[in-house]
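Two complexes follow with chain A in common, the first pairing it with chain B and the second with chain C.
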Partner chain A sequence: MSFKLFFLLLKAAGWTLSISLVSILLGFALAIGLSAVLLSSKRLYRAPAELFISFFRGVPLLVQLLFIYNLLPFIGLNVPSVVAAIIGLTLCTAAYQAENLRGGFESVPRGLIEAADMAGFSVRQIFLRIKVPIAMRLTFPALVNEAIMILKSSSLVSVVGIVEVTKMAQDLASSTYLPIELFSSAALIYLVICWSIALIGRYTERALPGGVK
Partner chain B sequence: MIFDPNVILKHLPEIIQGTGVTLALWIAGMAFGIALGFLVATTRRYGGKATNVVLAIPVEILRGTPFLVQIFLVYYGGPFAGLSLGPIPCGLICLTVYSAAYYSEVFRAGFAAVPHGHVEAAECLGLSRVQIIRRILLPEMALIVLPPSVNLAVILLKESAVLSIITVPELTTTISAIGSQEYAFLEAIFLLAVIYWAIVEASAKLGRIAEARLSTFRFSAP
Partner chain C sequence: MKKTTFLKAALGAAMLFSASLSAHAEDVLAKVKAAGTLKVGTETAFAPFDYIDAGEHAGLNVDLFAEIGKELGVKIEWVALPWEGVLPGLEAGKFDVVAGPATITKARLERYRFTVPIAEATVAILKKAGAPISKPEDIAGKAVGVGKATAQLAQLTEFSATLPTKVDIREYPAFNDAYADMAAGRIVAVANSLPNIAFVAKQRNGAFEVVLPPFGKKTYFGFIGTKDADHASLVDAIDAALLKMKADGRMAKLQEKWFGQKFDTPDAVKDPAF
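Moving on, here comes the complex of A and B:
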């Protein structure tokens, strides 16, 4: 396999990376809102968020992508397929990340919150200075895992016609008859990206306060 | 969006058949995957350091690459390496190997969670290695590996939808075809989502029941 083909795959990896990154960040923002609703004491508020999470965690991403890709034109939104792909990945990852965040906020030790209350912290201060940092610290490993999951899942956006690594390998394989080399190279690219994310995650985790030095 | 129940009724036999293929592939892939994964985990634990490292390589590769790429490699690359497989055998093999990699990690964590003293005590009492696995490790780790196993089962069911891309005649393939044929693609995909959702919720519920039963057993055991 020539270097030129590998270079084309690497270029397509830019799409994989950017779609994954945008989806994870948007998903995180959405997950913050969702987890806030999930932690509400009113069942009426919690129920829709729980339904959303159950749906997006219970349906294959491929089916979600097909649904969103076909739904958007149906409701009169003619957007490029990249947008549909990002919406699909974002909603899916938001459901997982919201569940992580809820777990994180629930495992902030009660004693710490009571101590802060005693020390005269306001509700807002307790939230910003006690709950958020501890919950973020606790959910960081899960966030790294989710980033890796989304990176791998982004291979599915090839079904809505985006030429990222998998689709590029598929297209090149059908024209060059080198499927083994091309799909192995695609796998290698994914491996390197996944391992890099895991490595960066581990270092960041150690650098965070309260980490294992 | 008008949901016509007659369309569903008309295609009910196909939908049931597609669901059957999905369930069969899922359960078979999972069963073989658990067996292979257990074999890998025990070999890594008892086979010495070199075996452990050598077996870690395929496990890490399988866990670090998308399932879709693995399927493409086997399905389109296979014939070039003398391995021509139809969609169903290819799907089953890929699902098995993929799940084995993940299950081996679940079992490895399960082994590690059993207190070392228990294993040492069993060794002192003269239990053989097979006896230790069967009577100490397996029962003690059952409750630990059950939740991640159920989680993994759900993930595998969802991954099995990807097999539709290589035209395995499972649920996603069947229902998308019906949707295109009836000019009701959106409705069809919605129905598809609901069916998957129902299977996932049912298996999660089964997992919770199994967990509850297993934990009472653990407390009542002497």
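Moving on, here comes the complex of A and C:
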């Protein structure tokens, strides 16, 4: 396999990486809002968030992508391929990340919160000084997991017209008849990216307050 | 109180959507010319019409649309999807026209409007070199690959029904996957249109062989547009460009380039054989 083919795969990896990264970050922002609603004591507020999560966790990402790409034009929103891909991945990952965050916040020991309350912490201080650091530590490994999952799921966005690593490998394999070389190179590229995410995740986790040094 | 404001907002949003829906009703050719780009949907796994040649989008489609673009005075923007997604994408307005190309069939003519035919599409068998198939009927009982959601699949199914033992038909996402599986030995033959398999046989020199004569009915390939009034002027303009290219010999030259032969195609297919 020539260097040129590998370079084309790397270029396609740019799409994989950028679409995944944007979706993970947007998804995280959305997940913060969703989890806040999930933690609300009012059933009326929780219901729409629960509905959102059950939909985006319950429908395969492939179907969601086709849905967004082909159905939105009928309500007047004709989004280009890249936008459809990012919307699909973002909404999907937001649903999972929101549940992770909810779990994290609910696992903060009640005793700590009560102790802080007695020590005179304000609600805001309890949230920022007690709940957020503990929840962050508890959910961080799951968030890194989710980032890796989304990066690999991004191979599905070729159905809405994005030529990312997997699709590029398929296209090249069918014209050069080198499937083994191309698919192993694609696998290697995924492996290197995911391994880097895991490594960054591990160092960040150690740097978090209360980390195991 | 809160409920009524929510209802009002929902109503407003619905009205906005319906307003943008009605704004869709406008002449597509005028829109394309104003934007300066014609969006063409296609599948890049259909050599020699449309494929990725070592990273470059290539094929008869690319050359023909480059000429159509010149005639219309617009640039071509390609949108590549898996074949099952291409026609739904056209209906959702993701692009203005579909390259493909697709076999002009009765069923498709009911729903879509085809352009001037660009090549013959009659289906034949491509076999792995050395496989015991000397005429199309010999595929009875054997594993034969074909593309999913294609007219070639429909013709193969029809042909299989006429044989003493049915063909073991295997459907693939794209014809390229079927060729790959034939190379790997999982199937012994692939049914596809003659121009496609002639090209593949030439590229894989010696590994695959074309079985003549074709078994399918005489059919043709065309590009696909929608039937609605908004798209009529665009498909008319593409037809005019293709006819002009047929008359001045550019079409024949491109067919020679990609198939090694010219095709005697009609100017329009109103009543396809299949």
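FYI, the second predicted complex is superposed on the first by the 213 of 213 C-alpha atoms of A that agree within 3 Å, B and C clash if a C-alpha of one lies under 4 Å from a C-alpha of the other, contacts with A are read in each partner's own complex, and residues count from 1 in each chain.
Assume a residue touches a chain if its C-beta (ideal position, glycine included) is under 8 Å from a C-beta of that chain, and two chains touch if they have at least 3 such contacts.
Everything numeric in this text was worked out from a predicted model, so none of it was measured.
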| item | value |
| --- | --- |
| Greater residue coverage of chain A in the superposed arrangement, chain B or chain C | B |
| Touched partner set for A:Leu25, first chain B, second chain C, both or neither | neither |
| Touching partner for A:Ala47 - first (chain B), second (chain C), both, neither | neither |
| Which superposed partner A:Asp171 touches (first chain B, second chain C, both, neither) | second |
| Which of chain B and chain C A:Val159 touches, first, second, both or neither | both |
| First (chain B), second (chain C), both or neither touched by A:Phe55 | first |
| Partner chain in contact with A:Pro179 - chain B first, chain C second, else both or neither | both |
| Touching partner for A:Trp195 - first (chain B), second (chain C), both, neither | first |
| Contacts of A:Phe74 with chain B and chain C, given as first, second, both or neither | both |
| Partner chain in contact with A:Gln64 - chain B first, chain C second, else both or neither | first |
| Touching both chain C and chain B, counted on chain A across the two superposed complexes | 66, 70-71, 74, 158-159, 170, 173, 177, 179 |
| Interface residues, chain A side, partner chain B - complex | 54-55, 57-64, 66-67, 70-71, 74, 148, 152-156, 158-159, 166, 169-170, 173, 177, 179-180, 183-184, 186-187, 190-191, 194-195 |
| Interface residues, chain B side, partner chain A - complex | 1, 60-61, 64-70, 72-73, 76-77, 80-81, 154, 157-162, 164-165, 172, 176, 185-186, 189-190, 192-193, 196-197, 200-201 |
| Residue numbers on chain C that touch chain A, as the complex places them | 16-17, 20-21, 23-24, 44-45, 47, 51-55, 79-82, 85, 88-89, 92-94, 174, 176-177, 179-180, 183, 204 |
| Touch list for chain A against partner chain C, complex | 4-5, 8, 66, 69-71, 73-76, 78, 81, 158-161, 163, 170-177, 179 |
